[in-house]
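Heads up, the next two complexes both have chain A, just with different partners, chain B and then chain C.
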Partner chain A sequence: MLRGLLPALSLALVLIAIAWLNPRAISYFGFNLMLNLAIPIALATIAQMFVIAGNELDLSIGTFVGFVGCVTATWLRDAPLIGILVLLGSIGVYALLGALIHLRNLPSIVVTLGMSFVWQGLAILILPKPGGKAPDWLLATMSFKPPYIPFPILAALLIAVVVHFGLMRTSYGVILRGSGGNAAALRRAGWSLLRTKIVLFALTGLFGVLSGMALIGITTSADANIGNGYTLLSIAGVILGGGEFVGGRVSPVGAVIGALTLALAASPLLTFMHIPPDWQVAANGAILIIVLAARVLISRRER
Partner chain B sequence: MLQAIADIVRLDGAEKHFGAVRALSGVDFHVGAGECVGLVGHNGAGKSTLMHMVAGTLRPDGGQIAVRGNAEASYSVARALELGIRCVFQELSLCPNLSVAENTRINHPSLTGFGWRRSAAALIQAKLDEIFPDHGISADDIAGDLSIGRRQMVEVARAFTLTREPLHLVILDEPTSSLDAHTAGQLLAFVRRFVEGGGSCILISHVLGEVLQNADRIVVMRDGKVVAADAARAFDRDKLVAAMGGAEGHQKAAAESRKVEVGPLRVRAAPARQQDGKELVARAGEIIGLAGLAGHGQTDLLLAIFSAASRARAGIEVTAPVALVAGDRQSDGIFAQWSIAQNIGVRSLARLRNGLLISPQQEAELAEFWKNKIGIRTPDMNNNIYSLSGGNQQKALFARALGSDAEIVLMDDPMRGVDIGTKLEVYDLVREEAAKGRTFLWYTTETEELDNCDHVYVFKNGRIVANLGRDELTEEKIIQSSFGDAA
Partner chain C sequence: MKKLLVLSALAAMLVSGTALADTSGKKIAFSNNYAGNSWRQAMLDSYGIVTKKAVEDKVVAAADVFTTADKEVPTQAAQVQNLILQGYDAIVINAASPDALNGAIKQACDANIVVVSFDGTVTEPCAYRVVVDFKDMGKQEVEQMAKFQPKGGNLLEIRGLAGTSIDDAIHAGILEGVAAHPEFKIVGSVTGDWDQTTAQKAVATILPSLPDVVGIVDQGGDGYGAAQAFAAAGKPRPTIIMGNRQDELKWWKEQKEKDGYKTWSASIAPGVSTLAFWVAQQVLDGRKDIPHDLLVPYLAFTQDDFEAALPKIKEGGVATHEYTQEDAIAAIKANIKQ
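Take a look at the complex of A and B:
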């Protein structure tokens, strides 16, 4: 019981700490600022969650987000048709990777590690120097200011609800999660494991594309290295949100909460704590270790 | 021909090989409508293989399958489900991360669309209520959180739920293995109701009483063949045991009765679940057999003894160094990237040292000694271990244990899938080493191997149920003890 609440609890803790250190940050404007990058992180975390649901891991999601960012800031603006085709094609590549991993029984870590260099190289080819510009409609979407509720929070809610419904409530979502829980049982019941793997990887590609686009909508221009940190952030977000590396136990709501926690703990909290930027990355890691250790301790006690 | 149409399923001359192992050699088997067929046999008799074929999860290498009189050329799981044939497998096949209702959905492709969760929950709930009144399981429970008994109840109930696909035959492979007497009774009563209502059932159980009381017809398998098949009332317990064990009289390998002086105590151990004070005692120079059905605690006890050798454990006394010969050599035995010599030397590193480093020369000497002694067939002991055949790989693992300082050698069914020539060589070696004072604890699923032992402990449900001396050792006795109905 406590374990299920842990993601929400850790988010609340970070929020309380921020409110205590700087009460003015808890406001419409403050959240807009602090959660600025939370949407692309949440989308990348959801992307990672789909492969983890099938007992795989995607080490290429970070550079993939960077690649999508470069496509978004160049082709999607200048030649929308080509841009859309390239993005759809990259989702297709993800689907093929899923098929390859299943058919040849390859470790996904190896395949996606290799792919991370491929995406990175393509991104540099498209955009050798930082630059480009996001399409106007994307800029407009990401700077949308709804009344009362800050946009990042609204978007996070929307992502959580949509993915929760799709993965946790639909009848095919059960099959997708079951493929991570007990693949042999699924095969015996007559389901195609090739198909579940392809679908899971394609969904990862889709949410990776959404993440890259959202990121460029916020930063307005791109850089081939812009997404590199997202690989580990997304994995941490899934685990922080109550997911497990094997066994098909994932939670979309938890993953989004985990991503928000990471986004808040990453820089706003540490800045308010007057930790110099040089030390922030290390401090961020320390926070991660503490939260994940608490999770392990609690689940061990409940067993 | 009429008879053939009344059959739900019929196999003619079914054959299956796994590598060199013949799991099924020409089996004829059929199940009629409204019939409960009991299927019994010892470990590795081929029951599970046969059932996998009926369920469509394994394809026969030879022979034919016909369902309701129609030959099925491309039989598969999907086809079996379409024809109303389902199987509850022995290994639990629920997804532990999904709820009971969601697990039900997996077996019913037609449970989709709006409101599928409610229909799935109602479906499984109703079936659980019908088979196991007062089961105390909710459709929202996550399968992994349920006790093993309840998981088995869900699995059995799920097999009997009905949506679009018909239901004619359910295969129950050890359905009561995790159930207590009360729920097992409920299940068997339900099976009888199902059969009386025109359904068919195949019941596989190691509890012979269950089969005798609930089956209409009993088929006995042994060594991949059907050795007896008759109406259930033609059998009784003794007849079944005799058929399973081969009543033609098991010729004991006239193993010259080895003289065993009572050596010093080497191992004294009681399984964790033992309550009646029985314990395993092994002395220097003895070969001790661990028998019984597979997975009834023999390996657990060996591993407990192994860990007790390095760290004291309650209830287990070990007085000499221990080495283990793993049964599953691919996952537990072999270092795949290493040479044969390195694989042999790894248990003796302390002795092969020269200062801080391993001496390649001493390692090579040790390897060469065992190559000659045990007959490992390779041109060069520095070749990778995978250059050897399976039997020779196993020899290398024996060499690892026997070449070490271990006075106690634990063998976890190490002869699985090893050819007979290698086996005989290893038997001789084991006897020879025992004569020199080493102690062997030998878990085996092959009854003939027990003839090499001085003493045999029979395991059931994680406990020692019998202790047979060399002269009382017969296959029937072992089967009798391991199938004891006292659950």
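Take a look at the complex of A and C:
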């Protein structure tokens, strides 16, 4: 019970701290500013969650987001058809990676680490110098201001609900999680493990693409290194949100909340605390460790 | 409330004619994306010294520094957004990317916040840019080289961090200089990343394949490493342009004492951060005539004055120049004239 509530609890804690440090941040305008960069992080976290559900890890998601960003800021604007084809193709590459990892029984950490350099290289080829511009429709979408509820919160809810329904409430979602929980049982029951792995990796690719597009919609222009920090953030977000590295135990709602918590704890909280510049870098890491350690401690006590 | 303040400030200006708005209640934040090398440390030191005094003298209410944990663009974009929420009146920024922060910068401008970028500048038109004329610095290197090596000859070029606007600009200036001085020929080019160790390795690797070299044109932070590589290879010491680092000037002094070695040294002063601070203060003060692109001179040392500067530089540091308010006003004036 506590385990399920923990992600929400840590988010509430961070929000209370922010409200105490800087009351004016708790407003429509404030949430818009603090959370809009959390949307791409939440999408990248969901992407990471799919591979983790299959007992794998994706170390290339950060550079992949950067690659998608570069495609979005160049081809998707100037030649939409090519842009869409390239993005669909990159999802296809993810699906093939899933197949390769399953068929050759390769460790996903090694394959995706290799791919992270491939994506980075491609991103630099497309955009050797920072620049480009997001398509207008994407800029308009990301700066959408709905009445009463800030857009980032609406978007986070939408992502959480859609993925929760797809992965936790449908029968194929159960199979997907089962491939991480008990692969042998699934195989004996006649399910194709190759197919589940391909589907999981393709979903990772899909949400990676969404993450890159959302990011460029906010920053307005791209940089080949723009997503590099997302690899670690996405893994931390999944774990913070109640997921486990093995056993197909993941929670989409938790992952989204975990991503929001990390986004808030890493930057706004730190800025509002007025920590001297020499200590800011270390404090950032310390907050990450404290938040994750609290989660591990509490879930261990439950067992 | 804020609008009321702005309006009353405007009204006060109208009534009193030339009197400027008071900035003693204004808060200026510094968003910095990286603190991990000697240049950036010197930049933060200079900024700290000047702003501490400005706060004590009640010129501004606060001048806080915020450094991001990584060199990532999204982290700094989030940081800028948080500074908007904190209610700062101006943001001085050394940006991680010239373009990718424009979204956040625009949000700051829309919230009536003055944004001044320097070193790593941003392209968003609403922000101010304090730019050092790196291209002229590169050109000047060849001009100086022509004085020391009037007969001309082969040059080795050491480049900086690939893909940055600074490396591009200095390189373009050097090419322009060589075009104007056909007696020089660039016979080799290596990447030194503005770092002595990297430069030393790179130069040592290319040395055996090079013809005799009379001079080295570089970008600063690489001169001492190049000198070490030549010494290790037992090759005659060429004229190496220096980049204001303490180890470089110290080596130059040693060589000068030994046999009257001559060269020239130039680099961007880390204290340009303090100029950006004063520009922000001046804009907050109500000045409307400040151009959005401010060109400032680089800091150069010649044979005659480098020894006087050397003792003032910290061990392992960089020569710097801290701007006072008067310096800044003079620099702005020089730019308006152009």
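The rule is simple: the second predicted complex is superposed on the first by the 297 of 303 C-alpha atoms of A that agree within 3 Å, B and C clash if a C-alpha of one lies under 4 Å from a C-alpha of the other, contacts with A are read in each partner's own complex, and residues count from 1 in each chain.
The rule is simple: a residue touches a chain if its C-beta (ideal position, glycine included) is under 8 Å from a C-beta of that chain, and two chains touch if they have at least 3 such contacts.
Every value quoted in this text rests on a predicted model; they were computed, and no experiment measured them.
**Q** Clash or fit: chain B and chain C on chain A?
**A** fit
**Q** First (chain B), second (chain C), both or neither: which does A:Ala293 touch?
**A** Neither partner.
**Q** Using the touch definition from the top, say if A:Leu5 reaches chain B (first), chain C (second), both or neither.
**A** Touch partners of A:Leu5: none, neither chain B nor chain C.
**Q** Just chain B (first), just chain C (second), both, or neither: which does A:Ile226 touch?
**A** In the superposition, A:Ile226 contacts chain C only.
**Q** With both structures superposed, pick whichever of chain B and chain C touches the larger number of chain A residues.
**A** The larger set of chain A residues in touch belongs to C.
**Q** So if I put the vertex at the Cα centre of chain A, how wide is the angle out to the Cα centres of chain B and chain C? Nearest 10 degrees is fine.
**A** 130
**Q** Quick one: is A:Phe272 in contact with chain B, with chain C, with both, or with neither? Answer first, second, both or neither.
**A** A:Phe272: touches chain C, not chain B.
**Q** Tell me which partner A:Leu88 touches in the superposition: chain B (first), chain C (second), both or neither.
**A** Neither partner.
**Q** Quick one: classify A:Leu215 as touching chain B (first), chain C (second), both or neither.
**A** second
**Q** Using the touch definition from the top, say if A:Pro130 reaches chain B (first), chain C (second), both or neither.
**A** second
**Q** Quick check for you: in the superposed arrangement, does A:Asn22 touch first (chain B), second (chain C), both or neither?
**A** Touch partner of A:Asn22: chain C, not chain B.
**Q** On the combined arrangement from the superposition, state the nearest Cα-Cα distance between chain B and chain C in Å.
**A** Distance of closest C-alpha approach: 34 Å.
**Q** Which chain A residues lie in the overlap of the chain B contact set and the chain C contact set?
**A** none
**Q** Can you tell me which positions in chain A touch chain B when the two form their complex?
**A** Answer in residue numbers: 169, 171-172, 174-175, 177-178, 180-182, 184-191, 247-249.
**Q** Sort out for me which residues of chain B touch chain A in the complex.
**A** Listed in rising order, the residues are 55, 57, 76-78, 81, 87, 89, 93-98, 102-103, 105-107, 109, 111-113, 116-117.
**Q** Which positions of chain A touch chain C when the two form their complex?
**A** Per the touch definition, chain A meets chain C at residues 22, 24-25, 29-30, 33-34, 36-37, 40-41, 124, 128-132, 215, 218-223, 225-230, 263, 266-268, 271-272, 274, 277-278, 280-281, 284-285.
**Q** Taking the complex as given, what residues does chain C use to touch chain A?
**A** Residues 32, 35, 44, 64-75, 77-79, 81-87, 96-104, 106-107, 163, 165.
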